[in-house]
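Alright, structures below, take your time with them.
In the two assemblies presented below, chain A is common to both, partnered first by chain B and then by chain C.
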Partner chain A sequence: MFVYTISFYFFSIIAILSALMVISAKNPVHSVLFLILSFVNTSALFVLLGAEFLAMILIVVYVGAVAVLFLFVVMMLDINFIKLREGFLQYLPFGVLLGLVLLIELGMLFYTNNFSENNLVDFSNLPKFSDVENTKILGNVLYTDYFYLFQISGIILLIAMIGSIVLTLRERSGVKKQKIYNQVHLNSKNAIEKKKIELGKGIDV
Partner chain B sequence: MQNNLYNLLFFPELILLTGSLCILLLGLFIKKNNFSIISNLSTILLVLTGIVTYIDRNTSFLNFNNFFIESNFIKFFQLLVIFGSISVILISKNYYKDQKLVFFEIPILILFSTFGMLLLIASNNLMAMYLGIELQSLTLYVIAAIKRDSLKSSESGLKYFILGALSSGILLYGCSLVYGFTGNTNFDDIHSVISSLEKIELGLIFGLIFILVGLAFKISAVPFHMWTPDVYEGAPTSITAFFAIVPKVSAVALIYRFCLEPFSSLYNEWSQIIVFLSIASMFLGSIAAIRQTNIKRLLAYSSIGHVGYILIGLVSFSDEGTKGAAIYILIYLFMNIAIFSILLSLKFENKYIEKIEDLSGLSKVKPFLSLSIAIIMLSMAGIPPFAGFFGKFYIFASALNSNLYSLAVFGVLSSVIAAFYYLRIIKVIYFDDYKSTNYENNQTNISKFILIISILIISLFILFPSLFTSLSIEASKGFFYK
Partner chain C sequence: MINSILIPGLIIIAQILAIIVPVLISVAFLVYAERKILALIQLRKGPNVVGPFGLLQSFADALKLITKENIIPSNSNKMVFLLAPIITMVLSLAGWAVIPFAPGWVVSDINVGIMYLFAISSLAVYGVIMAGWSSNSKYPFLGALRSAAQMVSYEVSIGFVIITVLLCVGSLNLTKIVEAQETVWFAIPLLPMFIVFFISALAETNRLPFDLPEDESSLVAGFTTEYSSASFVLFFLAEYASMILMSAMTVILFLGGWLPPFDVFPFNILPGIVWFILKIIFILFLFLWVRGTFPRYRYDQLMRLGWKVFLPLSLLWVVLTSGFLVIFNLVP
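Right, the complex of A and B next:
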């Protein structure tokens, strides 16, 4: 239990600190790297909870795809981040005020016990996260009970693919492409043409 | 099992899906003239799906864990969606060719979107509902931005995408709250859990509100309407026609089913929200439209207003209200098909009509088209002999019978305000001087046929109202016996 507590605090403190660094780092590339660090730590927290599938998904999707995409955008696009940050101090009081209001609201909710766990439906008859492999269980229901929904999600991904192709693929004119099929199938009969040229006259090529 | 497999063949969603996948493959291999071939095939596929939907079927095996269900209401709206998609594909063919927007993917995306809407209307589970919404909206984002060289079209697609993603997020959050407080995602189970609760939890109401916000975004009810005018204006007109006609129908069906099936016992909670959405939409729809000069923006505001009227039927919480809404949406469909079939073919000085002033003096050049526009506008304003009046009439009658006097009064007031801008268009057409007579109408025969049919339905509704009311009575049965 001691190790559990220690590792929980370790990962959560790093997650929060790196999240802070994401918004305060001067260099946008550093921000993205801190974002990745924050994700990795969050996934470690999920492992501590016994939700190893979520931990893996977080790494694969957020670190593997989203954060790398961010890095690409930051490096490829010429965005003036210093200009974006202008007026930060000017809006700071307003932001702090909004944050305070939210904090007070949350406090009130917890104080009045309206959102306490007891009000939720009792899920205690379900097996505990840490006792079963949740990847296996998810796999079991995903292809049986939820087969329909699984297929529909597949179609959504297909549409995303069609959509991105339609919106970005352009046929560029004037680009010379190698047509290997045509090259290989050339022979002397259709590649060379004999012509008789009369004396004193040219020929149109 | 034999019987079940036989049923499988006649499952409309399955036919639509496999058909559209085949058409997609075909479109990749046909090189020449593929746009018109693909759109013809899509029309045929949709007609087929419509026929199969219409035929009664026994799909106990296919409803699979109760993710989807069947009822007359669902069938009615599914048929409307299919009909709307077919008409949009048919009326916009010439427009695409003229604008050089001959991507064969457009009809295919419309097919997929229709597929999503069919699922959405029939969904009986929060997860199925969410997937249906995503399937529908993802295709809509793409086709809004399809004219990719135009700044406005890209802007409208991006705007729609960002706001749509936000609303989906809110909706999902609501779904998770509802799941947390009821322990179920199935509509029937949610209903039985909620009706047996002795105390309604705050969290459950939060979830309900969040889901309603997400749905209100999809039907573009005020205050979640901001995207509508921009998207309608920016997208190519044929796509605007699709936006105005089809997704509205499916989203309205969903919001009705959602409020009346799982959450029917929380009437007191959601009715306040719907009343606000309804009044705000009616008034904003009629007041903001007054200053518009672009006809597509004007139609956007008019559709916001129509949504407001349709929501009155939901608040009245009776068979009559549902019946009124079903008739209203049917008439709305025909009016929009008619007006867009004109907008998609009428050219002024070699450009498609976008501004209201382009229409000035049209009556001297194109008397038939002017008459059609006049009839549609009168009907939209709800002036008696035309169908639009009956839509409003049934809705207001249901509100009065449920003692919602204030809503009915607000509705009548706002429709009086709205009449101003509808009548202004008629005034521009008939009484303004023309700038030039350079009008051109490149309507195809099918589009003309659809226009004439719609106009006939709008103007002759008064003679045969029972034809449509019987349909909608059939559709609206079954909500309130529980």
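Right, the complex of A and C next:
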């Protein structure tokens, strides 16, 4: 229990500190790196909760894919760091307002006990701490009770993917493309042309 | 207090050392094996001066590199620059925590073992990106960009291959994956997936013919251009350690882990760990053989192979496998 408590505070303190660094770091690349640190620590908290599948999915999806592309874009941008800081005071009231709204909402949820641990457990009719792997439990719930919602979210993701591909797709003319089929099926009959050249005259190609 | 924390802690540290030290020593001999095998392919002798048959060559090289001066470029981002090789090295060793060497021989037998390995191998890209960006120089940056795109692309097909295997096993636990192969190794019914996985593993570890992030004929040394001395050694060790890790993953997923090929007399006298190591050596030899045989891919061909060939193929196999399992009532 002692080790559990120590590791909980260790991971949560690092997660919070790195989240603070995300918004206060001067260099945007450092911000993204701190964001990744925050993700990794959050997934460690999931492991402590016993939600091993969620922890691994968090790392694979957010750290392994989303944050890589994020970092990719931020590295490529040529940002003027001083100009980026200029609007700080101007946007501060909005930021504070948003933060306050979120804080009050969370406070209300916890105050009315709608979000407490006991309530969440009541929602599921599955055994609480069983020998069944939580991957299996998640699968059982996702593909039975929440089947339609799961399918709908899949279709939404598919449409979003097609949409972004359509947005970035553009046909450019005059680009030479390698056609592997044509290359492989090239032979001496259609690649070589024999011509008779008269002496002293030459030919047009 | 002492009984509940100190003693289990010491046991865990001893287990970690018992895995990391052999892995690092095998890295040294893998480098030697690579140089010898490449030399044999090219009809040369290879290293034969340091120690008997040149066996100590890698140790001599490592000592030479570590005693050199560690140069940090003045315009680099120093924290990130030094953190990059450390992260790469730690990640290439962290994966070993869940590898089962023989029945019960595993540091941490977690339920989501294969997901953990997948997560660890997908994090490896950060070492390369951080190294490329923090060097603040053209060639490392180009290398990092290539590597980021390449590793993300091939991860997708690796994910589908893993899903195909998991459909046949019914568990994410690595020990159960090996035990499910007692009747037949998955390399036989899932042969195309085995090939896709092996080629994607080459791309994932930045090995030839997909070593474009450190392509010496166009990028000097890619993302390691600015690194010297011990920080370079870490990258070098990490590359080979992750090669061994990927081979171990291939063996567990497709070649039946510690299981002998046939459970009859001459084969089952060898203990499981020996079979496991022999299979890893076989896959590593394939890695080196490919390096000695194939020319480097062009970058657009690499991307085409990943997205237009492997992705549809592995997706199709996921559908086919699940259909087959459902029709013949074989779902575990």
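Definition applied: the second predicted complex is superposed on the first by the 120 of 205 C-alpha atoms of A that agree within 3 Å, B and C clash if a C-alpha of one lies under 4 Å from a C-alpha of the other, contacts with A are read in each partner's own complex, and residues count from 1 in each chain.
In this section, contacts are C-beta pairs under 8 Å (C-beta built on N, C-alpha and C of every residue); 3 or more make two chains touch, one makes a residue touch a chain.
Everything quoted here is computed from the prediction, not taken from an experiment.
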item: Chain B versus chain C as contact partner of A:Leu167, first or second or both or neither; value: first
item: Partner chain in contact with A:Val68 - chain B first, chain C second, else both or neither; value: second
item: First, second, both or neither for A:Phe147, with chain B first and chain C second; value: first
item: Which superposed partner A:Ile59 touches (first chain B, second chain C, both, neither); value: second
item: Which superposed partner A:Ile156 touches (first chain B, second chain C, both, neither); value: first
item: First (chain B), second (chain C), both or neither touched by A:Val3; value: second
item: Touching both chain C and chain B, counted on chain A across the two superposed complexes; value: none
item: Residues of chain C defined as touching chain A within the complex; value: 4-5, 77, 80, 110-112, 115-116, 118-119, 122-123, 125-126, 129-130, 133, 141, 144-145, 148-149, 152, 155, 159, 171-173, 300
item: Chain B contact footprint on chain A (complex, rising order); value: 114-115, 119-123, 145-149, 152-153, 155-156, 159-160, 162-163, 165-167
item: Of all residues in chain B, those that touch chain A in their complex; value: 17, 24, 64-65, 67-68, 103, 105, 108-109, 112, 115, 119, 127-128, 131-132, 134-135, 138-139, 141-142, 145-146, 148, 157, 180-183, 193, 201-203
item: Complex contact set, residues of chain A against chain C; value: 2-3, 27, 29-30, 33, 36, 52-53, 56-57, 59-60, 63-65, 68-69, 71-72, 75-76, 133-135, 178
